[in-house]
Amino acid sequence: MIIVMNKDAQHNEIENVLMLIQKLGLEFSILKNENNTVILTQPSYDINSELFKSLPKVEYVVTLNEDYKLVYKNINNLETKIKVGDVVIGGNELTMIAGPCSIESKDQLFRIALHLKNSGVKIIRAGAFKFRTSPYSFQGLGYKGLELLKELKEETGLMVISEILDHHDLPEFEKVVDILQIGARNMHNINLLKAVGESSKPVLLKRSYSATLKEFLFSAEYILMGGNKNVILCERGIRTFSDYTRNTLDISIVPAIKQRSHLPVIVDPSHATGKRDLIIPVSLAAIAAGADGLMIEVHHTPELAYSDSEQAIRLEQFDDLINRAKKVAEAVGRKL
Amino acid sequence: MIIVMNKDAQHNEIENVLMLIQKLGLEFSILKNENNTVILTQPSYDINSELFKSLPKVEYVVTLNEDYKLVYKNINNLETKIKVGDVVIGGNELTMIAGPCSIESKDQLFRIALHLKNSGVKIIRAGAFKFRTSPYSFQGLGYKGLELLKELKEETGLMVISEILDHHDLPEFEKVVDILQIGARNMHNINLLKAVGESSKPVLLKRSYSATLKEFLFSAEYILMGGNKNVILCERGIRTFSDYTRNTLDISIVPAIKQRSHLPVIVDPSHATGKRDLIIPVSLAAIAAGADGLMIEVHHTPELAYSDSEQAIRLEQFDDLINRAKKVAEAVGRKL
Amino acid sequence: MIIVMNKDAQHNEIENVLMLIQKLGLEFSILKNENNTVILTQPSYDINSELFKSLPKVEYVVTLNEDYKLVYKNINNLETKIKVGDVVIGGNELTMIAGPCSIESKDQLFRIALHLKNSGVKIIRAGAFKFRTSPYSFQGLGYKGLELLKELKEETGLMVISEILDHHDLPEFEKVVDILQIGARNMHNINLLKAVGESSKPVLLKRSYSATLKEFLFSAEYILMGGNKNVILCERGIRTFSDYTRNTLDISIVPAIKQRSHLPVIVDPSHATGKRDLIIPVSLAAIAAGADGLMIEVHHTPELAYSDSEQAIRLEQFDDLINRAKKVAEAVGRKL
Amino acid sequence: MIIVMNKDAQHNEIENVLMLIQKLGLEFSILKNENNTVILTQPSYDINSELFKSLPKVEYVVTLNEDYKLVYKNINNLETKIKVGDVVIGGNELTMIAGPCSIESKDQLFRIALHLKNSGVKIIRAGAFKFRTSPYSFQGLGYKGLELLKELKEETGLMVISEILDHHDLPEFEKVVDILQIGARNMHNINLLKAVGESSKPVLLKRSYSATLKEFLFSAEYILMGGNKNVILCERGIRTFSDYTRNTLDISIVPAIKQRSHLPVIVDPSHATGKRDLIIPVSLAAIAAGADGLMIEVHHTPELAYSDSEQAIRLEQFDDLINRAKKVAEAVGRKL
């Protein structure tokens, strides 16, 4: 804090301030000249600056927080690279994660996954436990879905990422998935964040559609505090007044995170736009902005998908995306 | 759904549509004249209207959902009245819930609660488990806090409401609290919603600061589906671009909910505004708009509060609020 | 500004900062102790603090702006009362402004206005020049509408307020209207603000649906700078993600403005909600929150109105509103 | 409109609906079977569907608007290409518009413009009349600024774009500028839109930071209706809760406009982000998403700029941007 005393502040009024500082256990330093007095204290997290504002003859109180510690770029500016099998997330090569929104059946899962494998995808996304706004919507296959993911891995060698909704499911997830996904609506679920923070599996953390950049990084901090250093941040659109897309992709957050944090950032254009026809241009934009990868919803017959059918792209659109994304990746000095 | 066929639609194109309808198991009805054909189907929750839009010669598809069933006002228009001890929430008399944001110590809790009891409050709010954006902020006393609430009840006869963050804590909460509180960040925590839906305790459900009215009612529907009919809805402000308050109180939602649902609605002006000096006028506005009660953060020395100190009102401000609220309540035909 | 130098700052680095301050013509004051140096400068409007941030060994730069001068409450805390005929806006008595959205015909205008006169309304709102999003919508009667307003005044003794869209129409408006209305979409139209700032007519300034509180007060400042002290601020809802109302009424701004400014504040629940059935409860809330008046759209057959038909209340609803508003006004120590 | 009658509707209730349709002068068509009646009417712009909803036994009324006519892609899918001197906006080659936010002096304007000319820029942006939120901020050089632009053109052969705030300044602007700029705060200034709609100069229309896609296209429609076909749309960020950037760039609007309209779209990353360090990655993203060009604020000493100094990039940053943008343009099949 910087506490600026009024010019008319008397000795006892300055003393008042110093007594409160001492009561709160803070170190401080006083600066004076013939007219003014300013008191600097050490940075402090939970001190309420209003406490000081209400003391007599205190003119301004300015708080200077250094909020997150582990998420921030460290001094030697190293970026975190996350190894998942033979894939490195956060390095020069971009990571493409793709697959259906929900696992609907073995047939559907394998059909989509095998096509994607053929197109070069190594990590399949597929939801077993689904968050749905309406209790009357399809809620996912649950543990049955996890089993299908396990079969997929064994039969194809693909890796998988799937969303965990409850920290009590963690042991079951850890047996199957290669990356744990925390969904946007759970970005603030602290018990879940703490639980995956103690897991040995990498975590993909989606930004809540109403989270500020700071809140997003704080949620990552909760995970890192548990010892899990392998966190991938994922932008998936924010809620705004704009109504022609499902959400509004906040593209600037990609370079903004890169400036602040050592963690890799990927973009999910499917949830950001909610519109199949916008996925490709927005994906290219994400790569150009510096994203370390993409997460895309793909379905062989989107119109029949059990969930998010308006935003899943078709298999052949995915191949088109890959071809175009390679060129943009190269244009910004990356590989895909 | 209403499916309007193009004027040029041929017999086989209409057949196509009907086959898909039958495949999906929907009842339907055809309307025709010399120029046009329109097909009406029964209402259906999870059918994807895009499926039909892509068929040849389909001009428009209009979906008519009736989304929530249990939350909606029933035919005889009865409003839900929730009995908690000798308090009725949702009746003619307004309910005043007040207390500190966090339980900090026995002394703090009792001091505030006893003052409020004296002022006529019968239900004390006080957080034991706290959601905090930063992992470095005070996270609440946890189970120790629940114990203090139990002591408070035993020694004073007051009732208590406290926020539950994890459904695995439910048995412990049920031993102590009179109302379970679901916080704004957990409005989408389906496991938690389902768990409290099976509890015998009333539930106060806070609107997420980024939830639409429809999403808010859907979350309540999750609880009602479990059999728990005693849900109190709580508006606490939404996140907007406006920056002079912590959130923006969406005052219109009070009458808008009343028009749609039988559930009682209360307002939390503390989180909505985040500013002590705005609490009283906004509280009066909530009552005038038809709220069934208020939930207010109160502290004997807000500047020293461990959390939310800028929005807690002082004990004497609370008494002032009560006096003024009584008059406004009377002006709109209610009692406090 | 407060400029805090790094502990390692050398004499010449401090000199650098002082030279820039002097170049910019600012007075300053230096505070020092054995470890730190802090430089305070006089408040300054257009100085770019980044200029200082980029100098070597400057640790923090804090700007302390006092932005608006004329809009702010003056030292003796007097509130502005605006006389319009025998009405005083901003005093103890609330002001009710009502009328149709658009003037459609003499018959329509007189029919509504005479009913409202009978119900005690003294100031009629009615649009002659209409802003419409679509160029294909009804754009108002224009000058013909102003003539009808003039006839209305002459025949009934009522006063009128109407929106001006272009500063070149000011002379024609000044001949007719008692209050000039600046619409939400013109809150940033500086030429218009400057023009009405030189008028002798009071001005009702609507908040843009995307304006912060600060921007709203700055627009009022533009008017006051021209010499026109009679500005009425009008909250009419902001644009948010919430979708069950046309806009979201920001009710807290009523007391927030009262805390900062001496100008009267009224609320327009018609545009804020866009829903006929929400007007009455929201109007009562506005009064309870401390508004100095209301501006309400009324129509004898809203379904046939040329514009804003979903938000106009019926004549009999208006009378119901008046009766209920009187009671709430009294409950908060005001009169209607 | 599609009007669906209730199953119990009697002959006279259907007649009621038809009479109203006829009164409104609409063509219609009736569809019936043994159970239901549906009435289809011709599309209609200003008919109030509520009018029908309130009639007895009307179950649903669905409106199907085709809102804008001139802005929409025409049947043969041609895109508008706008010729400004030897530059074509909207073709395969991207257009780079750059320059200072405000004209501060001849020296400043020429220094920046000559550097940019050297870097291949052909159209210079520079504000003579500035919109400023605070009346105490620098408001631009006004007509003196226009004169400097004229000198710049004569001495360098560069073309210029500058913002017009008031339609009465149009003759003076037409003497100087090659493209008229309508700023975000004037997107709803209908008199200004109509005036430039009758000009022979191309118009760059910025999206208001609170405009939906539909409102943005409607404002362009106002211009096209006047006969001016040469409209360039410019996305420059929308106002959201997100607070680490000045606005939130709505990147998806680029392909979304391309799907709907034949008009070229450019992106202004300077206002969208408000942060110098985000300009380059966001510019590359805009090109990858399909933008037809960029408009960038550049200054030789941004820290000393009179306005928008935090978002202007340095001259050498601009050259870096050009080099990188060329590669991304090529990757998406365009040229720069």
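A few points about this structure:
Letters A, B, C and D mark the chains in the order given here, with residues in each chain numbered from 1 onward.
The definition used in the following text is that a contact is a pair of C-beta atoms (placed from the backbone, for glycine too) under 8 Å apart; a residue touches a chain by one contact, two chains touch by 3 or more.
Predicted, not measured: the structure shown is a model, and the values here were computed from it.
Taking A-B and A-D together, the chain pair joined by more C-beta contacts is A-D. For chain C, the chain whose average C-alpha position is most distant is A.
Remark: chain A and chain D have CA centroids separated by 32 Å (rounded to whole angstrom). Centres computed as Cα averages put chain A at a distance of 39 Å from chain C. The geometric centre of chain A is 27 Å away from that of chain B, both derived from CA atoms.
Residue positions of chain D touching 2 or more other chains: 210, 214, 239-241. In terms of which chains touch, the assembly is arranged so that all chains touch all other chains.
Within the complex formed with chain D, the chain C residues making contact are 45-46, 48, 50-51, 54, 67-68, 131-138, 165-166, 168, 185-186, 188-191, 208-210, 214-215, 218, 221-222, 225, 239, 302-306, 309-310. Chain D makes touch with chain B in their complex at residues 2, 4, 29-33, 35-38, 40, 60, 62, 64, 239-241.
Those residues of chain A that touch chain D in the complex are listed here as 210, 212-214, 238, 240-245, 248-256, 259, 272-273, 275, 277-278, 281-282, 284-290, 324, 327-328, 330-332.
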